[in-house]
Amino acid sequence: MEYQGILDHIYNTLKDVPERGEVASYIPELHKVDPARFGLHLLTLDGKEYGSGDFDIPFSIQSISKVLSLSKALDFTGPDLWKRVDVEPSGNPFNFLALLELERGIPRNPFINAGALVICDVLLSGFSDPKEDFLNYVRELADDDSIRYDETVVRSEKETGFRNAAAANLLKSFGNMENEVEDVLDFYFHQCSLYMSCRQLARTFYLFANGGKNMKGKSFISASQAKRINAIMLTCGFYDEAGEFAFEVGLPGKSGVGGGIVAVHPGNYCMATWSPGLNERGNSLLGMRALEMFTTRTGLSIF
Amino acid sequence: MEYQGILDHIYNTLKDVPERGEVASYIPELHKVDPARFGLHLLTLDGKEYGSGDFDIPFSIQSISKVLSLSKALDFTGPDLWKRVDVEPSGNPFNFLALLELERGIPRNPFINAGALVICDVLLSGFSDPKEDFLNYVRELADDDSIRYDETVVRSEKETGFRNAAAANLLKSFGNMENEVEDVLDFYFHQCSLYMSCRQLARTFYLFANGGKNMKGKSFISASQAKRINAIMLTCGFYDEAGEFAFEVGLPGKSGVGGGIVAVHPGNYCMATWSPGLNERGNSLLGMRALEMFTTRTGLSIF
Amino acid sequence: MEYQGILDHIYNTLKDVPERGEVASYIPELHKVDPARFGLHLLTLDGKEYGSGDFDIPFSIQSISKVLSLSKALDFTGPDLWKRVDVEPSGNPFNFLALLELERGIPRNPFINAGALVICDVLLSGFSDPKEDFLNYVRELADDDSIRYDETVVRSEKETGFRNAAAANLLKSFGNMENEVEDVLDFYFHQCSLYMSCRQLARTFYLFANGGKNMKGKSFISASQAKRINAIMLTCGFYDEAGEFAFEVGLPGKSGVGGGIVAVHPGNYCMATWSPGLNERGNSLLGMRALEMFTTRTGLSIF
Amino acid sequence: MEYQGILDHIYNTLKDVPERGEVASYIPELHKVDPARFGLHLLTLDGKEYGSGDFDIPFSIQSISKVLSLSKALDFTGPDLWKRVDVEPSGNPFNFLALLELERGIPRNPFINAGALVICDVLLSGFSDPKEDFLNYVRELADDDSIRYDETVVRSEKETGFRNAAAANLLKSFGNMENEVEDVLDFYFHQCSLYMSCRQLARTFYLFANGGKNMKGKSFISASQAKRINAIMLTCGFYDEAGEFAFEVGLPGKSGVGGGIVAVHPGNYCMATWSPGLNERGNSLLGMRALEMFTTRTGLSIF
């Protein structure tokens, strides 16, 4: 199939549409991004790469990072992890703390913020130098030492992250947090501030399409763990729009409020998109459309 | 691959395990079923069939029928259907009416009872002789005129279906029900009482593996609609255990409290299992294990 | 104190204010009432009566009737009643079924609809000819045989009462309803359709100001039961505005969507008001203001 | 009436009952208190005092302090306070954060923890030296300079107060907190650690029985404000047991997990009780019984 042509067609079709959603405003730093940015990058299992638009411009990957921390946490703990966080879709996001209370401090899944905080707690206990070690983990997955945290975003998140602080304190009150609340939040804000391009994201997520092995063939998680993470991405990767994404795109994936989305077709490819404008449910509007066009055009969805 | 051998191995491994869950007790009729029943049936895209155990014994398919009524409703309304029912996973079942209230009468998805009642309302408006027409629809999908409703189960459901009556009245109060509450409930209880074997179920669900066409090649829904229904099965097919099923089995599927499960691997196969004992979340315990063994052994999951 | 003068002053101050709220529209019959109606009636413990405006015009008392059915139910069952219905305020009304689910079919208090349906169920089991017997009970409390049900309102409620039908079915599903759902609803809709004037209401509620004895000195409930019902009126009598009423008026009371309010000052007086316009929370706007003016002017609140 | 005899009778009846509930364990310091402690103190409007048992032993008043901070906050802001906190009962405590989310950061009432934190925020903005100024306010109400904070309890609360920290952060995220989260929590924990005896409590709460004036006749709040606070105590003073307390005792009041209760009969008296054992809903078991015996024996309830 002529992938470069398909990507270029999608890029050209969408790049000038006026309806692009709203750039995230809850963190001042994110709000400064140019809403005209738009990039696509495809990496197939055989290592071929295709890109259109701003696929080499880094941005704040935000919640996309939760898949990477989950991957490392599973490596640390194995299936014991599921005693501390469940794997069920979460329903409405407006009452995220409500669900956490109802379920006595066991977050519904590792991708809602409360679940991601538990995962951070696992990493804090497992790593010796958590922020540095996690960055190295991501760099090794991507085979790219230029990946870094964006400290400006970290500071911006800290000043406004009261809902996350609420969730962390609630987890602590239920005994589902070993480390100090501030340390977990500091790690969490760093993780979310990872600054990467579409190309780097596609490379980093290659292991989920490839049974746990990165592009250099090194194994980071088992094939079974990769399969499980794909299942969680499909059912929980898009907040209150997981069903819609499965329905429209038909791939496991994860989005972030920075406007990035990564999608995985196990055994076939990874694709990353970036457009900062978000739809009402917090997912990149053009990114969703681009991925839907790609799977419709190629027929390469899992359903 | 030697499917018959794999099925027999799974059957022999599980058929005598003492831990089989509890047979559903909420409907007296269901409770009378022999908990020792266990059957598996596989139908591949090329029309080959493989079975082990009680795969030709009919049972009450219960909620599995919701996929079939959804299929017909989509055929009637097209995407307008999604104005009346959403496609997001529902989270906790304990508060199913709570969610319905919060979302002003729009059920979270077509497989929770409230959603299935809206689908029934669509069918009542679309069919001229609803119960007869729906039965004929299922018979045609399966190419099997022996399929029937179990009227004893219908009566049993009517006597105990107060929660469904509550949901139907709530939908009516929000204006999301055109027909009379009693008519919708009567149709719903009939639909749930469909009496089918594993073999019949696999044949009926063949269209979801085959882009909307049944075994005789007749098209009932579009390939795109089949893909969408598969996505909804994956994210919403197992009550509060959708994430767990995606995670353990890795296939779109639907379970019923009669102990049946059907799973679909698009482009590859359909598989139906039956064992009346349910786990704590209402899904067939042996059926889940059998499907998990099958996808692990064959590697044929979508993730 | 010169009560007639105070009542006339309140009446004259409020009777022409343009801001009167909205007449209830959810039952067609209620919507036909003239919004200009306004009446006040005061009955002191020594049997003296004072009235201004439309205090002798009957209207649909709606939920005010719940206090009377509670009174009779307590007489039937004694404190066993509290095993089937709690006495705690209910919080938000939007999720009334949610709370009922959470608490496994035990309504929060006898004045939310679900609680009132349980009370109706008690009366259906206790009376031999429920609708007739209950009407006679109210007539005897008021010493007035002209009180009747408004059958037009009953029919109007039945055609639109789907939320009540939902609540009744949910109670039945939890085993907290002995009688048939339709019979309980029929009784409930009759009870709510009681057609009474402010004067009749004040006379009927006299027993709560007088330790359980009506104006003729006949005892219907014990002094302790009267005290308890007053406490429940104070904490639960005004839907989501119980706190506001306690705060502004400072008396036990009960409102109905027909625009009536009755308030009780134990040991001192009963006062009934009627103005069909409701505020946002479903309580009579002028009625609330009139009662607030009365307790402020006289200093006769319980706080 | 012979109050001393009644108090002694209640004290002697209850002092040796074996069923006394459980001493609060969530703060280590509170758990150290001798469960055999039991005291009663009555202060009538004419200034007469009556006591039985341990009425001069100080204890941690905990949530009882919320009434005093509310009183001062009303003095600072007037009715503007009600834009930041509502006055409705809160229903179930298990989901306290859920309600706060649903209502966009406006706590249901000033006595749930979230509401009390908003009140603390008001005091922090209003006082120049908040902890010192508030202590002086309480001392002046009671006319007793020996009242103090218990710093050991403050430290104990800080180490375990994660649910309060969660609530404070959530309030901050909704913009309903002006000051820093840590400062509000520090003030809140000090307020709750006030160390007072039954006698001191009855004297401090005298103003609510006396139209806003303390025993020395100094006015701290208006008569109308006193009436309002009494109404809030009645509807919201006992967590999920407000209805039960209104029902059993029939007085405005406030309890704390240290085992204290203060009840107010406007225009008549204040009564304080202390017994550290709590019932299942967190209110002093013997204290509830003692107050119920007192109002039953004397007939002096508001209903």
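Going in written order, the chains are labelled A, B, C and D, and every chain counts its residues from 1.
Heads up, the rule we're going with is that contacts are C-beta pairs under 8 Å (C-beta built on N, C-alpha and C of every residue); 3 or more make two chains touch, one makes a residue touch a chain.
Quick caveat: nothing in here was measured; it's all calculated off a predicted structure.
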Chain C reached from chain A - shortest hop count over touching chains: 2
Comparison of A-B and B-C (more C-beta pairs in contact): A-B
Angle, in degrees to the nearest 5, of the Cα rotation that carries chain C onto chain D: 180
Equivalent of C-D within the choices A-B, A-D or B-C, defined by over half of its residue contact pairs recurring: A-B
Centre-to-centre distance between chain B and chain A (centres being mean Cα positions), rounded to whole Å: 32
Centre-to-centre distance between chain C and chain B (centres being mean Cα positions), rounded to whole Å: 47
Residues within chain D bordering two or more other chains: 102
Touching pairs among all chains present in the structure: A-B, A-D, B-C, C-D
Complex contacts: residues of chain C adjacent to chain D: 86-92, 99, 102, 108-109, 226-228, 230-232, 234-236, 240-244, 246-247, 250, 252, 266, 301-303
Chain A to chain D touching residues, read off their complex: 94-98, 101-102, 162-163, 165-170, 172-173, 181
